[in-house]
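Presented sequentially are two complexes of chain A, the first with chain B as partner and the second with chain C.
This part shows the complex of A and B:
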């Protein structure tokens, strides 16, 4: 059973990428519907398996770690696999109707899309530091390819900048991995974690951790290393921007969090944790402020991502040197933040794409009058905004509430101000869009009506981000599924 | 990003990281090698189907990494040719009609093809393998292209795309077959291991050569570009 599920998760996206490269856009699209259904079945199947039999290690090619590569499947992994299926399917369905099928370069969309998905699955399950690196590269390269696809000079420039920043980040991470391997002689994260705990002189683990975290922070676009993100996410086609903001930046953060929680906390110091938290806090305020000032709609959403990524980095101070229960609470809060931001931001980018399609301009002031015309997409945008602001009953609220509790329980009251201020600023930039769309302007009356299915995709994701808040405990129960320690 | 303060900040960050790295590498050289991984590798080498440890690691012990790395190469080639102008493939300006180069190529091309074949075969028990052989093939292709020899298969069509994924597809099929046969994903059956690795390597060589060559050919940027969303 587990064999089939793992083959489904690892093999199918790669196979779909290969086959769709040989097809045109329309056939690739038909194939991709099947693939999405299959991914849904497989990830639900894995959820069922882990729930009944517990998590497990899966050794690839039949060689045990450290010689071979092992994958780790636990509740958190299943959570992320389900999230990926949901968000990537939503973006894929949107893309299928949003992109113009007759352009010659669109045939490369589906191969890149499936390679991206394969990379995401690899990273969520990765238990080997080098394999995680390869997974990240797969994600980065396909993301860059998607940004540049059919690119005019501007897109190419943004994609190249993204590529260079991401490669620098990968290189720093890889140097960290090399230091870990040089010291412990293993690449398996579980082995490294075990050795760090028992070894008296794991003196090279700290520099390795710093290198890895800096590299991954660059790839996650943590302030002040966020310069590459808004151009790339702003210029890509809307479904691509949605994929990038919702899932791609989460992959590098996920690796950082995993390394930190399993092997990093033992060797880190308080200043490292606080520094990461402070950078996250500055990102929240600065990113939200810049989002408020952007003249173009998609830039607003892209800077909002910079801000929302800042919340994720509160994980580091809230899990360092605190009681286990507080740390768990913070981890759950961050997981909810990742999930609700992924859903809300995907919905927001898709809705923004629909709005741009309708008014034929990407400027915020061009939205005047669109509230009469496209209320459905505007409503999706607003629902997603509710989650970003952290209003109840959204997933964003549940996440921020848990982070608030963790801050208080660990006595780090200063994060509370950031959490509150960030929420207010996000409200400001969401309402700015609303204000622009409710303005009346006489002369402009020729809107183009986008396909209904585009609007439904955005709406479903926005509703899901609200649903995360309503059913927060069920979502967290997936993460807490038991893991049978085999080793 | 352009402001002097940001530049100095980035410079300081880079310097700090370099210093940290330098110190760590120094400390690392002082450490006793703690790993018994090389010994494990030697123990299992006989079962891997090849005699050279690097090839064994790449194509057997950590074959999943290699599979994904090939995928990365395929992605790079796709991104490259998605931006290529079709016409550029016959661009006469890129040709050199140098008689000396042509005469030299008559000697060089067969030699280089032979060398690529040797590198591929040598991978079994000494340094070599698909990546080196593929790079050699690509270099041959670059030379042929510069002298204006026709390379029709490089036109962005179905042949090119098949060529790009051929090696990857076989690798993937072997992985799937192993999962269906009941073992774990990518575990080769013992009796076929040598033959499987050799056929994967051969097709990979062709594909890697194609990929590198396609990237070389696809360099010019698309003219018929799409405007940004909402800017028409």
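This part shows the complex of A and C:
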């Protein structure tokens, strides 16, 4: 059965990408509905399999490492696959009705969308460092294509900046991988982790770790390497921005976290962990502050991503040199943060796209009076905002609460101030949008009404991000599903 | 100095030159070429450094082949974007006219 599930997860997105390249936008859309349904069935099937039989290593086509591609399937991977299915389907459905089918370039949306999905699935399951690089590049190239799709000069400029930054990040990561291979002669992350623990003089491992983390931080847009993110996410079409903010930046963070937890902690030092945490903290405060100052709606949401990504980097100090139980708590908190941010930010970008469609301008002041006309989308925006602020009962609250507990248990009280300050600032920028949309202005009472289905997609994702908070322990139980350490 | 170390150091120097080019140069094609140089430097280190396990190791050579394919794809995408950007704006640099479009980490410092 696992053969079929793996084929479903890795092969079908690539096949759909290739086939939809030959089709027009409408046929591609019909094909993509089927593909989304298939991805849903396959990822739920994998969840069922892992739950009953435990996680496993899967060697593609029966070729063992080092030449073959090793895939690792465990509870965390299943969590991310389910999350990807949910968010990417939401964004895909939104895109299906949001993009104008008659523009000739729109037919390239579906191939890029499926290549992106294939890359994401590869990264979640990748067990060897080089394969992760290939998955990361597949994601980068399709994401850059999506940003540039049908865009004018401004979009191309943002896409080019994104491409240059992301390629530099990937190459820094690859250099780190080269050093790891030179040191240990293996690419399997599990083997590297095993060898790091026993070998006394892993001379190259520390520079390799630094290079990989710097490269991945650039791709995840950690402060001060975040300059490429707001233009790219702000200028892209709304469903594309949602995909990029919700899933693409998480892929590089996921690799950084896996490398750190499995092999990095053994060779890292306290100052590296604290430095990453401090950069994350600065990102939270600075990103939220800039979000508050932006004149354009989508830039507000994009800078809010910079801030929310900052929280993820608290993983590094909270898992270094602390007790195992505290480290586990921090890991669970970060996983919840990834999930709830992915859902909330996707919902927020989709809702912002609907609002912009309704008022015909992307300026925050132009929203005046929209609350009467588009209460549904504005409500989705607010629900997503609740999760970003970290108010109960949202997923963001559960995540930040666990991070708070981990900070206290490890005696690193300084992160608590950052968590509180970041929450207040995010409340400020969400309420700023609300204030603008509740203002009455006489001259404009003519609004375009977007398709209902666009509003439903945003609403469902916003509700899901609240649901993560209500059912936090069930979500975490998927992550903790058993893994058999047999090969 | 042993041969693997020589390859690795050459690669490191090339990486440095490429990085300086990427940050310092303004023309987009030059930036793309600088990235290609960084890529080649990485491949050199990948193949060169792994030689100390009893002669040449085939695995990194297979990896580099894949890496070259990836870098050709990335270069092609970059060239297409640059060409289209040039057609639309007549410019070959990234300078932003809109101040809120964000600071760029690779543009203004050089």
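Just so it is clear, the second predicted complex is superposed on the first by the 486 of 487 C-alpha atoms of A that agree within 3 Å, B and C clash if a C-alpha of one lies under 4 Å from a C-alpha of the other, contacts with A are read in each partner's own complex, and residues count from 1 in each chain.
Going forward, a residue touches a chain if its C-beta (ideal position, glycine included) is under 8 Å from a C-beta of that chain, and two chains touch if they have at least 3 such contacts.
Everything numeric here is computed off the predicted structure, so don't read it as measured data.
Applying the stated contact rule after C-alpha superposition, one finds that A:184 touches chain B and leaves chain C untouched.
Once chain A of one complex is fitted onto chain A of the other, the partner contacts of A:212 are absent, as it touches neither chain B nor chain C. After overlaying the two complexes on the shared chain, residue contacts for A:295 are found with chain C alone; chain B is out of touch. Of the two partner chains placed by the overlay, neither chain B nor chain C lies in contact with A:367.
Shared-chain residue A:148: touches chain B and chain C both.
Set against each other, chain B and chain C touch different numbers of residues in chain A, with B touching more. Shared-chain residue A:112: touches chain B; no touch with chain C. Touch criterion met: A:231 reaches chain C, while chain B stays clear of it.
By the touch criterion stated above, A:15 is placed in contact with chain B alone, chain C being left untouched. Shared-chain residue A:175: touches chain B and chain C both. Overlap of the chain B and chain C interfaces on chain A comprises residues 66-67, 130, 134, 137, 141, 144-145, 148, 152-154, 156, 175, 179, 182, 185, 224, 227. Per the touch definition, chain C reaches chain A in the complex via residues 4, 8, 15, 19, 22, 28, 31-32, 35, 38-39, 42, 45-46, 49-50, 52-53, 57, 59-60, 62-63, 66-67, 70, 73-74, 77-78, 81-82, 84-85, 88-89, 94, 96, 98, 100-106. Contact residues of chain B toward chain A in the complex are 1, 6, 9, 13, 17, 20-21, 23-25, 27-28, 31, 33-37, 40-41, 44, 60-65, 67-69, 71-72, 74-76, 78-79, 81-83, 158, 161-162, 164-165, 168-169, 172, 175-176, 179, 182-188, 221-222, 225-232. Chain contact summary for the complex, chain A toward chain C: residues 66-67, 130, 133-134, 137, 140-141, 144-145, 148, 152-154, 156-161, 163-165, 167-168, 171, 174-175, 177-179, 181-182, 185, 187, 224-225, 227-228, 230-231, 294-296, 299.
Put simply, chain A touches chain B in their complex at residues 3-4, 6-7, 10-11, 14-15, 17-18, 21-22, 58-63, 66-69, 103, 105, 108, 111-112, 115, 118-119, 122, 130-131, 134-135, 137-138, 141-142, 144-145, 148-156, 172, 175, 179, 182-186, 203-204, 207-208, 210-211, 214, 224, 227, 235, 237-238, 298, 353, 356-357, 359-363, 366.
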